[in-house]
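We just call them A, B and C in the order they show up, numbering each chain from 1.
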Amino acid sequence: MKLVELRNITKTYRIIFGKKVEALRGITLVVGKGEAVALVGPNGAGKTTAIKIILGLLNPDCGKISIFGQDPNSDIRKRIGYLPENPTFYRFLTGRENLLFLTRMVDPDIPIKRIDEMLRLVGLYGAKDRPVRGYSRGMVQRLGIAQAIIHNPDLLILDEPLSGLDPIGRKEIRSILLNMKKEGKTIFFSTHILPDVTPLADRVIVINKGRIVSDLPVAKIGDIEDHLIQILR
Amino acid sequence: MREVILNSYREAIRDRVLLVVLAFGVAMIFSSLIIGPLTLGEEIRLAKDIGLGSILFFGLLIILFIGNRVLYRELNEKTCYLILTRPITRFQFIAGKAIGLFLTILVTSLILGIIFISYISLLTGSLQITAFLAVIGVIFQLTMLVGIVILAATFLNPFLGSLFTIFVYIFGQMIPRAILLAKFYKHLAIARILSIFHYIFPDLTYLDFRELLIYNNPIPLERILFGFSYAICYSLVMVLVAGLIFERKDL
Amino acid sequence: MLATFLFQRSIPPIYHHSEPLAFLPSGPMVEVTTAPLGPISPEIIWLAAIQYYGEEKISGGKFEFLTQVFDVLTRIDPLFDHAYQFGSIVIADEGRSPEQAIRILKRGLVKNPSSWIPPFYIGFVFYIHLRDFAKAGKYFELATRRSGAPEYVYRLAAFAYKKVRLRKGSILIWSKIYQNTDNQTLKEAALRNIRCLILEEYLEYLNKGLQRFEREKGRKPEHISELIPEYIDSIPTEPFGGAFKYDSSRDSFISTTYLQIEKIIAYLNNKLHVFKQKFGYYPERLDELVAKGVIDFIPPHPLGRIYNYRFGRVIR
């Protein structure tokens, strides 16, 4: 079953004075149920644009998108967990209030216990009552992970999930994601940090200058760095 | 959507600007104590006009300072990414923001309104019931401006959005009188053009119950009800248009 | 524009180079331009009007913008009865333009159709200033037909139609204005006018007695006391604190207050002449005499009025 399907998506940003930047030049990609797919590419390749289009934050110029076989702007978003690149929260609310607010939009009757459980899981329980404006970059990233997985979604879309974390944090978060994968969740994540890819992903899609240049299972790649240098040359 | 409403209300009500604006509003209401003696026997009238005016102007200031930012912050600081990828439509999001701002305006206007009504009741020695209607009229006027500012925020930055809102406010106040003026001077073509603008800009005079407050001239019930329904419809249309623009927006 | 106007108002008068009220948009356009100020606009104009009036009064100005500022005020707030009342009295009295007062009031007649104030004050201006009793009667009667008109309006209508002596009606009007206003300036104006009218009344009474004495005795009196008690009951108190004197050269009674006014006017005209010789032109306003050091201060008008200064001369 296809959970995410993009067909021939193009997206051009218009900057002032008529200048155009082609972010995506007709990409087609499919993510099946239970897969863990990494979207890899250099900075400015179009990773974030592709993810935003999947989520309906951006409207594509042309092409077709379906998620769970439906339009992204529909109720299926209950089943998606999303972590944006450098997530931001309401600075005047505490970590716990932020998480409660975001979760209630998916599940109005969420028990407080579940919130605290999740804060403990991502290692923020001690800071739960501090306003987010006092959080470090890594703590914000942990809160971002918490809000993406708290409603137990079937599909996780994560934009640079491990950035901003210290080595211990990376390990902790990676193990949380690996657990989710074991539970049969589908994970689609972007990264430009190559060592993050292999432990988590089943399949690697390489994107460059708005085009998909390679789409291979991890098993067939061998050393990912060599692979990337080879195709991007 | 409830969460969005509560959250934008909470954000606005905790804003320090609000306290400053409220303090100035209260100061302005009581300013008639100082300038009153200069008015040659028109202290009560001055207190009523200044009080009503301060509720309107400080409401407008809150709309300009806070209203323009409620949406801009979400877009600029990208907190909206986490919200709009949850099961909430963009239209609900905009409506939630508008209602949250409306609640903020309602609460602050009621605070100023109660202070104002108690003040003039003390001055006159009797409860000024007509002032309630006048204050409610001002709240409805501000409701229309909430619609305007939310619309502006969907496609302008806070600075331009404030300019846009002030512009709409000023023209909305001027157009009804300008039409009368044009008709008086028999410039019928100008009057006709102005009448078209009259449909677009909010006509705040429908909710001006100053005549009742100052001169005790009764206002027909139809006019009051028409004013209220006009304000509600106008604000709804503004939020609807804002929603339509926001639906198409790339975030 | 209004901001400029308000800013200009806040500058102390000595720095005025041009007249601040000249910035006030004139005519019907002001209704449109002040609209964004909402309920505050009439209050601002009202305060500006009062301040302008006060400044002109102190500096002995010519009240050139008095009509304009009240015109603007009653356009912005056509129901503002007090503005019609105060405006028409000061425009007709101190501004010396009764026709302008009537013009503003006539608009109020239409725009404020339920109030008796505009027609009453049109009648007032016709009666007191223009002495057109037929028209005064017509407007007083119109005022009686509007709700809330007090009883004395009916009496005045009757007075005007019967051409009852002007002074009696005028005293009635002024005393009613005095009783019914909280406006201190208006109270003072009413009091001043009542005193003037009483002064005239007393002079008339004294001179009538004098004439009867001369007719019957065939000679002039040597002293006032000769007239008491046959021809006059007693010498009344002069309302402005002066005294009544018999002036044999004019063969009539005069008030020392009036004498003093004549003296002051002669003095001022003399100084104006000095000013002209020194600077080559007549001052724009009387207070330039003080500003340029020709005199130390302008003596206060004994009746509390403003000197009628026009074209280089003070006239009575």
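Going forward, contacts are C-beta pairs under 8 Å (C-beta built on N, C-alpha and C of every residue); 3 or more make two chains touch, one makes a residue touch a chain.
Quantities reported herein were computed from a predicted structural model and do not represent experimental measurements.
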item	value
Other chains in touch with both subunit B and subunit C	none
Per-chain Cα centre nearest the global Cα centre, belonging to chain	B
Chain separated most widely from subunit A, comparing mean CA positions	C
Between subunit C and subunit B, distance of the C-alpha-averaged centres to the nearest whole Å	44
Subunit A and subunit C: spacing of chain centres that average the CA atoms, whole Å	84
Intercentroid distance (Cα basis), subunit B paired with subunit A, Å	41
Overlap residues in subunit A, where contacts from two or more other chains coincide	none
Complex contacts: residues of subunit B adjacent to subunit C	35, 38-42, 45-46, 48-50, 52-53, 56-57, 169-170, 173-174, 176-178, 180-181, 184, 204, 208, 210-211, 214-215, 217
Interface residues, subunit B side, partner subunit A - complex	2-4, 7, 11, 14, 77-79, 81-90, 248, 250-251
Subunit B-touching residues of subunit A, taken from the complex the two chains share	13, 52, 55-59, 73, 75, 77-78, 80, 82, 84, 86-92, 101-102, 104-106, 108, 147
Subunit B-touching residues of subunit C, taken from the complex the two chains share	28-29, 31-33, 35-40, 42-43, 46-47, 50-51, 79, 82, 86, 114, 181-186
